[in-house]
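These notes open a run of structures that come right after.
First chain A sits with chain B, and in the next complex the same chain sits with chain C.
Now for the complex of A and B:
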């Protein structure tokens, strides 16, 4: 009996996994197939759609924008997230929990509402939309990840370590450089990569705050609306690989508990 | 003390509502091994952290070697601390932990290596120099923390409950090691403990604290033999406390009089279980009934109930031959040697 129910549940789980993941597999699959309509039969395998994509000047523009945004967001959220997490770890848990609830609110809001609020905010301030508005907008929802992850590690930090470094003659900067940073480095890099992955594949907030420019996700949206260009699958596959790659790396790094 | 190494004047610490340490004075001489002894929450760790510079005192001044260090942080004081949780750097090897202080002070790398090796030998850790702290036992971590502090050649080594985290057997071994270390390097050690046995074993001076105040200080023998208060008598070792009355500088007890200057009124006569004698040969003696006799290994623990219902504990070495003990339930006479009695306020 046990064996039979085990088989049933395993099959059920497998079916659920197939249902959840098959669209992703299809995107990659059709990006490599000769059939231009993205339907079956797929025909032979080809890298033709990647050639088409790389020949499209819009792709390079979008890639450049995505790279600028992702790198800026990663760098800024790493620095400010670490500073915030350290300050929170130093203040009591009461204050820290309050501040964290406030800071993480943007990730709990519906992205559409957040996007609308940001777009309205920029226009009421008279700020022209562009990369300069996308980057701070992304920070609103990427920074909480860094703060949360780094704070989780800092709050478990044995404060006697910092006291002993001070006792042995280290000033605040030396303590940060020789003790805090080496210990939190893997977590910090992981949290930053997570923030970058979230930034890289964001569509809604980018779409509302970028004005005339485009990033990789908004380019996909634009291509979908015009015509079913098969190179869209190639683009989708690239974004997929980049996002999953950074996320996996991030998970691996943040699992470290030194 | 003519030329104390450490001098605390009017030091106190107040947190919002609570007075953790009431204004107090304390002097520690060069080469002393001082125990700050008291129950948890008595302010001993707060006092230690103020000496180390981790907490600014609310009032008063701290002088080390004649220099006022009250305003200096721990990084600018020539004191080093062994923390309760050791505070070892988890990402550095044992050798790197020990070399940390000299390294950030910018000392010559070759000199540092020599110093580290010297310290590793001093605390017998040469074999684990390249391990991370997580791979060490509690006792080894403790020794790394010691070496890391001692390599700085502190004028005062501060230790916060240094042995509390170790199991009993290891604690005994570390006590011996600490004592040997103090002897070998001849430094000044101040340690915090709530364990009176540890304080008596290690320290040459014990400072007893209660509720933020120093209630007595002296040699281990002083505080054990001549407790200044009921609290000290009960906190340091076992004590029998017999209620009595003082009148005209004498306390009436055991059918005799114990000279004791002080105001008239109720007092307690303190006598240690191992000081009570059997038999009525002493001028001060009590009669009672033996109600309990327990074999405790090195000694017998006898409980004698007096006529007024008070119980007295008596320790008697278990290995010696002597007059046969009366059985449980029989009458027994006890002697109170006057020199072993101290009188405290009730």
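Now for the complex of A and C:
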């Protein structure tokens, strides 16, 4: 009986793993195969589609915009998220839970609603759409990840060592730089990387707040709407590798396991 | 630096709250106000009319019902699958579970569009799913309704939401202590009885979190139905997007968006109530 249930669970686990990963594996697989229709048989291996992609000037423009947005969003959400997490760690659990429930609302709602709210707001104010409107629009749904992850570590923080540092005459900045930062640095970098992965992958909010510009996800969208462009698998693979690579690094640094 | 601790806490919170207020609370409040406005000569004009809501109830009730039904299907399948996978990770195999957890976490933040178009390629007549089923001898010719159908939307969004639902349920299962489970086992309870009477009631909150996110995000999605749903599968998100972009009617689009959010809220309250009733342990009464 035990043996049979073990077999059933192993089969279920294998099926779950195939379900989770096979779409992603296939995109990378077809980005490297000759058959332009992305169907079986795939044909031989080739880097041709990457060549096509790298020869497309739109790709470099999109990459540049994505890099600027992701770096700015990462930096600002690291600062705003960490400051908030540190303040929350020193507040009572009631205040902390309330504030966290509030600031995580943007990641619970369908992104389309927030995207249209932001686009309508910007247009009523007469603000020109561009990178300057995309970046703050991203912050609102990336900073919750930094707050959640850093707060989880800070709430287990031994506050007594901060009192000791203060009693010995250290100012707030010195305490942060020499006591707090060395302890939370891996978590801080990991949480920032998570925020960057979320920003890099965002399509819906970017699409409605960027105006005429292009990022890697909006370029994928453009390719999907035109006739078959096989280099889409190469572009999709690059976005996957970038976001999954960033996430894996973040998981390693934060030891975050759900 | 003689700031009081309370002032310092408030200062620390202020950048995050400013971002939240300026780029979430304010635009959402503005969008809510716009639902009472009108479009006159292609311009937003302040007004106080309930006409947009009347039109929403007149024209889009059917689309809303269809969307809620699809989102409910997705949320139920996703939550059930996520519970089974979380159970496997928590109580069964060691290494295998860890691989699944790592895969789910690593793919959580990436590839929204890539995942959708991957399913578009996989579910087509020439796609790998049909090919696999034919190779296994389960079907003779490709299943045509796998792509461009509500089924395609359900499959794609279950795949996308699964990691998001898995994390809260796993966190809930980690909080279930071993001692009562062993006691129940020693007293002769079957595994499914233990799951129903001890495990599920204890992670009710996390089941509800998983269900909520797996319901809300699909209920407002428009990209998945657009790419894999085909011409028959129009969800509310598609109508909202079309009202804003195609017909330039922000007030009506906004009224449809808020009506959808309200309907989702009602479904979630009902789901929470049903979950509480279903998961009250028998020995608790």
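Just so it is clear, the second predicted complex is superposed on the first by the 255 of 258 C-alpha atoms of A that agree within 3 Å, B and C clash if a C-alpha of one lies under 4 Å from a C-alpha of the other, contacts with A are read in each partner's own complex, and residues count from 1 in each chain.
Note that a residue touches a chain if its C-beta (ideal position, glycine included) is under 8 Å from a C-beta of that chain, and two chains touch if they have at least 3 such contacts.
As the structure is a prediction and not an experimental result, all values here were calculated from the model.
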Which of chain B and chain C A:182 touches, first, second, both or neither: first
Chain A: partner with more touched residues, chain B or chain C: C
Partner chain in contact with A:51 - chain B first, chain C second, else both or neither: neither
Which of chain B and chain C A:171 touches, first, second, both or neither: both
Chain B and chain C footprints on chain A, overlapping residues: 171, 258
Partner chain A, residues of chain C touching it in the complex: 1, 5, 8-13, 15-17, 19-20, 22-24, 26-28, 30-31, 34, 44, 81, 84-85, 88, 92-93, 96-97, 99-115, 117-119, 121-122, 124, 126-128, 131, 159, 162-163, 166-168, 170-171, 191, 212-213, 216-217, 219-223, 227, 237, 240-241, 244, 250, 253-254, 257, 261
Chain B partner contacts - residues on chain A that touch it in the complex: 158, 160-171, 174, 178-179, 182-183, 258
Parts of chain A lying in touch with chain C, wherever the complex brings them together: 5-6, 9-10, 12-14, 16-17, 19-24, 26-27, 30, 37-40, 79-81, 83-84, 86-88, 90-91, 99, 102-103, 105-106, 108-114, 116-121, 124, 136-137, 139-140, 143, 147, 171-172, 194, 197-198, 200-204, 217, 220-221, 224, 232, 236, 239-240, 242-244, 246-248, 251, 256-258
Chain B - residues contacting chain A, complex: 52, 54, 73-75, 79-81, 83-91, 100-101, 104-105, 145, 148-149, 152
